[in-house]
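Both of the next two complexes hold subunit A, though its partner changes from subunit B to subunit C.
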Partner chain A sequence: MAESTALETIEIHPINFPPDVLARISPELSLQRHLSLGIRPCLRKYEEFRDVIIENNTLSRYVDTENVDAKNNILGSNVLKSGKTIVITSITGGIIEENSASIKDLDDFGEDELLEVTKEDDILAEYASVYPVVEVERGRVGACTDEEMTISQKLYDSILHSRILPKKALKVKAGIRSVNEDGTFTVLYPDELENGALNGTNLKMKRKWSYVLYAKIVVLSRTGPVFDLCWNSLMYALQNVKLPRAFIDERASDLRMTIRTRGRSATIRETYEIICDQTKSLPLMINLQNIAFASNYGVIELDPESQLQDPNNAEEEVDIDMDDLKSVLIADLDTEAEETSIHTTISVITTPAGNYKQLTLVGAGAKITPEMIKRSLSLSKVRADDLSTRLNK
Partner chain B sequence: MSIQAEIGMLDHVDGSSQFISQDTKIICSVTGPIEPKARQELPTQLALEIIVRPAKGVATTREKVLEDKLRAVLTPLITRYCYPRQLCQITCQILESGEDESEFSLRELSCCINAAFLGLVDAGIAMNSMCASIPIAIVKDSNEIIVNPTAEQLRISLSVHTLALEFVDGGKVVKNVLLLDSNGDFSEDQLFNLLELGEKKCQELVRRLREIIQDNISPRLVA
Partner chain C sequence: MNVQDRRRLLGPAAAKPMAFSNTTIHTLENKSTSALPKNSECEQELSLHTGFIENCNGSALVESRDAKHQTSLITAVYGPRSIRGSFTSQGTISIQLKNGLLEKYNTNELKEVSSFLMGIFNSVVNLSRYPKSGIDIFVYLTYDKELQNKCLDDESQSKQIFSQISSLIPHCITSITLALVDAGIELVDMAAAGEVCGTVVSFIKNGEEIVGFWKDNGDNEDLSGCLDRCKEQYIRHRDLMISCLMKQKNLNI
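Coming up: the complex of A and B.
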C-alpha cells in the first residue's frame, strides 16, 4: 500500500540553468533577473553608457598633409569602438554638374532670379546631405537587410533635417589650368590669387559644379542597435573631411561649337573634364553649431514575478500590486536580451547646447511618461557634451 | 482638422480603406489572417507584412523607413497572439503625397497609420486599442505649432513631427505614445507643448474615426 502511494506522488524538480544558458533560452527572464539586482546583462547600471573610443582621419588620403596619398580616395574617416562593436566610416566624394547652371546657360537671367525667389522660403533646399551606405557584417553575403536600408535612410534624413551641411559648402571653386610658354602647366585658383588677376569675369565659367559626399559605414560585431553608433561615427568623420581642389583646362573654359543636324542649328559645348588636384585640398565648412550626437534608451517594466528573492528573508511574502508596475529607463541598449525584450525605445540626437535635432519615441511596450522623456533628454545632453569633447583629443 | 475616410471599397481583400487629409491621399488594403510563407511564420504570434508603395516610381529606402515606422505603430495595436502561425498583409498605396517627397515624409506616414488602422478594423482583425496619428510642424519666425500642415507650411518649418497615440476606453483615455518621430531643430519646451496640443487633436481625430467606423457598420447591423 505504501508502495503504491509512493508511485502516485509526483516529485517536481526545479530545473537549474547556468546564467549564460538561461540567457539563450529565455532572454526576457534573464533580463528581468538581472534588472532585479539593479544591473543589466552587460553588467552596466541602468543609466550607464558604454565608453566610446574614436580614431579620426587615420584612413584618409590627407593623413599626411605633406605627402598626400593620391591612390587613396577617402576624404575623411572615423573608426569608432563602443563595447565590442566597431564602426568604420569612410567618406568619399564625387563632382556633379549643377542643374540650375543650365538655366544660366540660356542667358536668361530673369528665370534664374525667379528660381532664387521661389527657393527663398524653402529652408531645407539650402542644405544637402550625405549619401550613406551602411553595411552590418554578419558573416554572410547577399542583398542588404531592412535594418541596413532603414539606418542608411534615417542617417540621410537626419543630416538633411539637422542642417549640418549647407549646399554652399559643397560648391566647387574650380581653378583653371593653363600652359605656360615653356610648356609646363600651372593651375590657378581664383581665391588663391591676391591681386584678383583671375576673377570670375576673366574666367567666364558659366558652368557650376558641386561635390557630393558618400559615406560607407561598416559595422563589425554588432551586439545591439547601431543607429546611434553610425550617426556618431559619421559626425566625427564629417568634421575632418577635406575636399580636393578641382580645375579645368583653360581651353575649355568657354568653348562653343555650332552643329547642324537636319537643317536645325544648335550650340553645344565641348565636353571637358573637371580634374581634381592631386595635393591641394580645402576643409569642408559644415555648420559646427548643428553638430549633434545620438544616444538611445529603452523603457521596461520590472516584472515582480521574476524578481530574485533575497535568500535571507525568502519567507517574506510581499504583496504585489500588478497594476502598479515600476518602469525603469535603460540607457545605451546593447546585447540581444535588451534588444529583443525592450519594445519601448527613445532615440535622441542633440547638440551639447540642447538643440534637439531628432527624436524618435516608439511606445510598443512600457508606457512612456513625460518624466522618462525629460530624463532621457537631459542624459542625451550630457552624453552629447561628453562626445563632442572627444574630437579635440 | 478635416479628413475624409472611406471603408471597404475594395472587393478582393479582407479589409480596405481610403484616407484623405488635405492633399494627401492613401488607399490601404488588409489581407489576413492568411497562410504565411515558411520564413515569415511566427510560432506564437501573427506575422505582419507591411508594404508602402509611393505615389510615383518604385519603392526605395524611403518607403522602407515608412514601413519600419508603420510596423512599430501597428505591432502593439493588433492582438497578435490570437492568430499564431498566421500572416496579415497590410499594403498602403500612396495616391497623392501632398508634400515634397525629397524632403518630408510625415504627412504620408501619419495618413498611412490612420488608413491602416481603418483597414484593420474593416478586415475584422482583433485589436487591443485604437490609434490616431497627426502630422505637426513648427514654423520659423512665429514658432507656431501647426497641426496638419500644408506643403507650403512644411517648406518654412523649423521642425516636423509625426505623432501617433494609442487610445482605450472608447477613445477617451490615452494609453501610450505609439510613435513620435521628430526631425529638425526644436527645444524641450516646444516638444512638450506639441505633445499637449497633439493629444487634444489626436483625441478629436480618434472620435472622428469612430464616427466613420460607426457609419460604416450600423447599416449592416440587423435591428
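Coming up: the complex of A and C.
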C-alpha cells in the first residue's frame, strides 16, 4: 500500500539553475537561450569581434636603438590581448648555410617539359616561412597537444602560401671582419661601401648563408579557438623583425685545401663560424602587401524549442515551423559554450585590401549559405583593415 | 645527436642559433654604464595583479623594476584537482618553473629553485584540507632582463646568473602566494621573502618563523644582519600583497 501511494504522489519539481551553473551543465542550451535574446554568452552581438590590444617590439633586443640589449636574442615581438586571452609572440633567428648546388646549376638538368611542371613549385620556392612553436598554457606538463601541433603546422603553411616572406629577404649579406694593424677589429659590409677601400670582387664569397626565423608563441588564458590570435600576433611580430648583420673573419672567407687519400683528391673547406653583429641590424623586408589578418566565424541554427519566450504571449507562439530552422553567423568565436556547440566554422585570412589568402569552410551540422560566406568575407576585410591600422599606433 | 622532435616545427637541423660577437660591444658597454645612476640600492618598484588568466583557478602577475634589472613573472594555479591513484590524506603541490622568452636559465637551475619553492609551500599551504587532490603551480618567467649592459668574462658571468636566479626567488614566492590566494586555497599565512647578496630567507607569521633559506656562494658572512634585511623586505612585500588583495576585493564588491 505504502509503495503505491508513494508512486501516485510523485511530483516533478522544475529545477532552477543560476545562469553560470546552467552554462556549465548544458552549454548548448545556455548558448541557445542567449542567442534567442540576440546576444551571445560573452555578451557580444552576433557579428561583434573582441577588441584587440597590441604591444609591439617591447621584448626585442632592438627596443632601444641606442642601447641594444646584448643578452637578448629576440629579433621581434608582439603581445596581443584579445578578450581575456593573451598571446605572446617572440621571434628569434638562426643562420643556415645554403647548398650551393641548386637544381638550376646542375648541367644535366632535364627537359623543358619538366621545367614547366616544376614551375609552379618554383614560385613557392621563392618564399620561406617561419618555424612556429605554439604553447597553449593549460596547466599540464609533457608532450605538446594536438591543438598546438595543428596550429603550428597551419601557421607554417599559411605563411608560406601567403607569400609574405621572400627567401631573398632572408639572405645574409655577410660582412668581413679584419684585424687592423693596431689589433682592433673592423667589420666591412659590401653594401655599405661605395667604391671604398674594398671593391666587390675582393669581398665575393663562395659560400652563402640565410637566416632562419623561429617564432615562439605562448597563449595564456585560452578561452576559445586561438588560431586567429596566433596568426595576427605573428603578423604584427613579423613586421617589426630586425635581422642582425653578420660577418665572418677575413682569413676564412675562402679557405680551401686539397688533400689526397687513396689516390683520390678532394678539397676540404675550412669550417668557420658566422658571427652576428651586436649593434647593427637591418629590417626584415617582408611583402607588406601580403600581410593578412585572420578572423573566424561560426554558423549555428537557432533552436526554436529553447527560445526564451515572453510569458505574456506564450500562447500565440506555439505554432513553430520545425522545418524552417533559422541559422545565424557568429563572428570571432570565444568561450567554451560556443566552442563546444558550434561546429560549422568559416575561417578567413585576408589582406586589408581584400586580397584573400585563405578560406576554410567546415560544414558540420548547420548549413553554410552563400550569403553567409559573402558576409564573412566582407566582415573579414573590414576586420583586417581595422587590425592593420593598429600597427601604426 | 640527430634526434629531432618531430611533433614540433623546429626548423632545419643544420641551422645554427645566432651567435653575437663580443668584440664590438666594449664601446657600447662603457657608454651605458656611465649613463646609469650610481644609486643601485634604490627602491624596487613592484607591481602586482591577480586573476587575469581565465582557464586556471588562480593567477598572479608580478613585475619588478629597479636600477639593475627588470623582471616579470606570471603564475597560474590549477587546483585543487583530483589526482589519480590511491587515497592520500594530504594534498600534493607541484611547482613548475618555465623559462619564458629569454631562454636564460638551464633546467637544472629551474628544478633546484622549484624544489626549494615546493619546500616552502608544503609548509605554508594547509595541505590537510585537501585530501586526494593536487595543486599544480606554473611559474612562467616572462622576462628578466638586465638594464645594465655588462660584458663580463665567462667566469664572472656564471656567477652573475647565479645571483640573478636567487634575486628572482622572492618574486616567485610573492606571485605564488598571490595566485594561491586568488585560487581560494587555504594558507597558514602569507609567505614572502627577501634577498640579500644571493641569500634568500622566506618568512611567515610576521617574521617569527622561517619557512625557507637559500644561500648562493655570495660573500655574505654576517648572517644576522642579512636576516634583518631580508625581514625588512619580507614585511614590505607582504604589506604590498595584502594591500593589493584588499584593493582587488573592494573592486569586486
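Remarks
Please note the rule applied: the second predicted complex is superposed on the first by the 357 of 393 C-alpha atoms of A that agree within 3 Å, B and C clash if a C-alpha of one lies under 4 Å from a C-alpha of the other, contacts with A are read in each partner's own complex, and residues count from 1 in each chain.
Simple rule for what comes next: a residue touches a chain if its C-beta (ideal position, glycine included) is under 8 Å from a C-beta of that chain, and two chains touch if they have at least 3 such contacts.
Please read all numbers here as calculations on a predicted model, not as lab measurements.
Touch criterion met: A:H161 reaches subunit B, while subunit C stays clear of it. When the two structures are aligned on the shared chain, A:P190 is found in touch with neither subunit B nor subunit C. Subunit A is touched at more residues by one of its partners, and among subunit B and subunit C that partner is C. Once the two complexes are laid over each other on the shared chain, residue contacts for A:Q153 go to subunit B and to subunit C alike.
Touch criterion met: A:N355 reaches subunit B, while subunit C stays clear of it. Applying the stated contact rule after C-alpha superposition, one finds that A:P304 touches neither subunit B nor subunit C. Residue contacts after overlaying the shared chain place A:N72 against subunit C, while subunit B stays out of touching range. Of the two partner chains, subunit B is the only one touched by A:D122; subunit C is not. Judged by the document's definition of touching, subunit A residues 149, 152-153 lie at the interface with subunit B and also at the interface with subunit C.
Residues 59, 67-74, 77, 84-86, 88, 90, 92-97, 131-133, 137-139, 141, 143-144, 149, 152-153, 156, 185, 187, 212, 214, 216, 218, 220-223, 244, 246-247, 273-279 of subunit A are the ones touching subunit C in the complex.
Those residues of subunit B that touch subunit A in the shared complex are 61-62, 64-65, 68, 72, 75-76, 103, 105, 140, 155-160, 166, 175-188, 191-192, 195. By the touch criterion given at the top, residues 7-12, 14-25, 28, 31-32, 52-56, 59, 74, 76, 78, 96, 100-102, 104, 136, 138, 140, 142-143, 145-146, 149, 151 of subunit C touch subunit A in their complex. By the touch rule above, subunit A contacts subunit B in their complex via residues 121-125, 146, 149-150, 152-154, 157-158, 160-163, 290, 343, 354-365, 367-368, 370, 373-374, 377.
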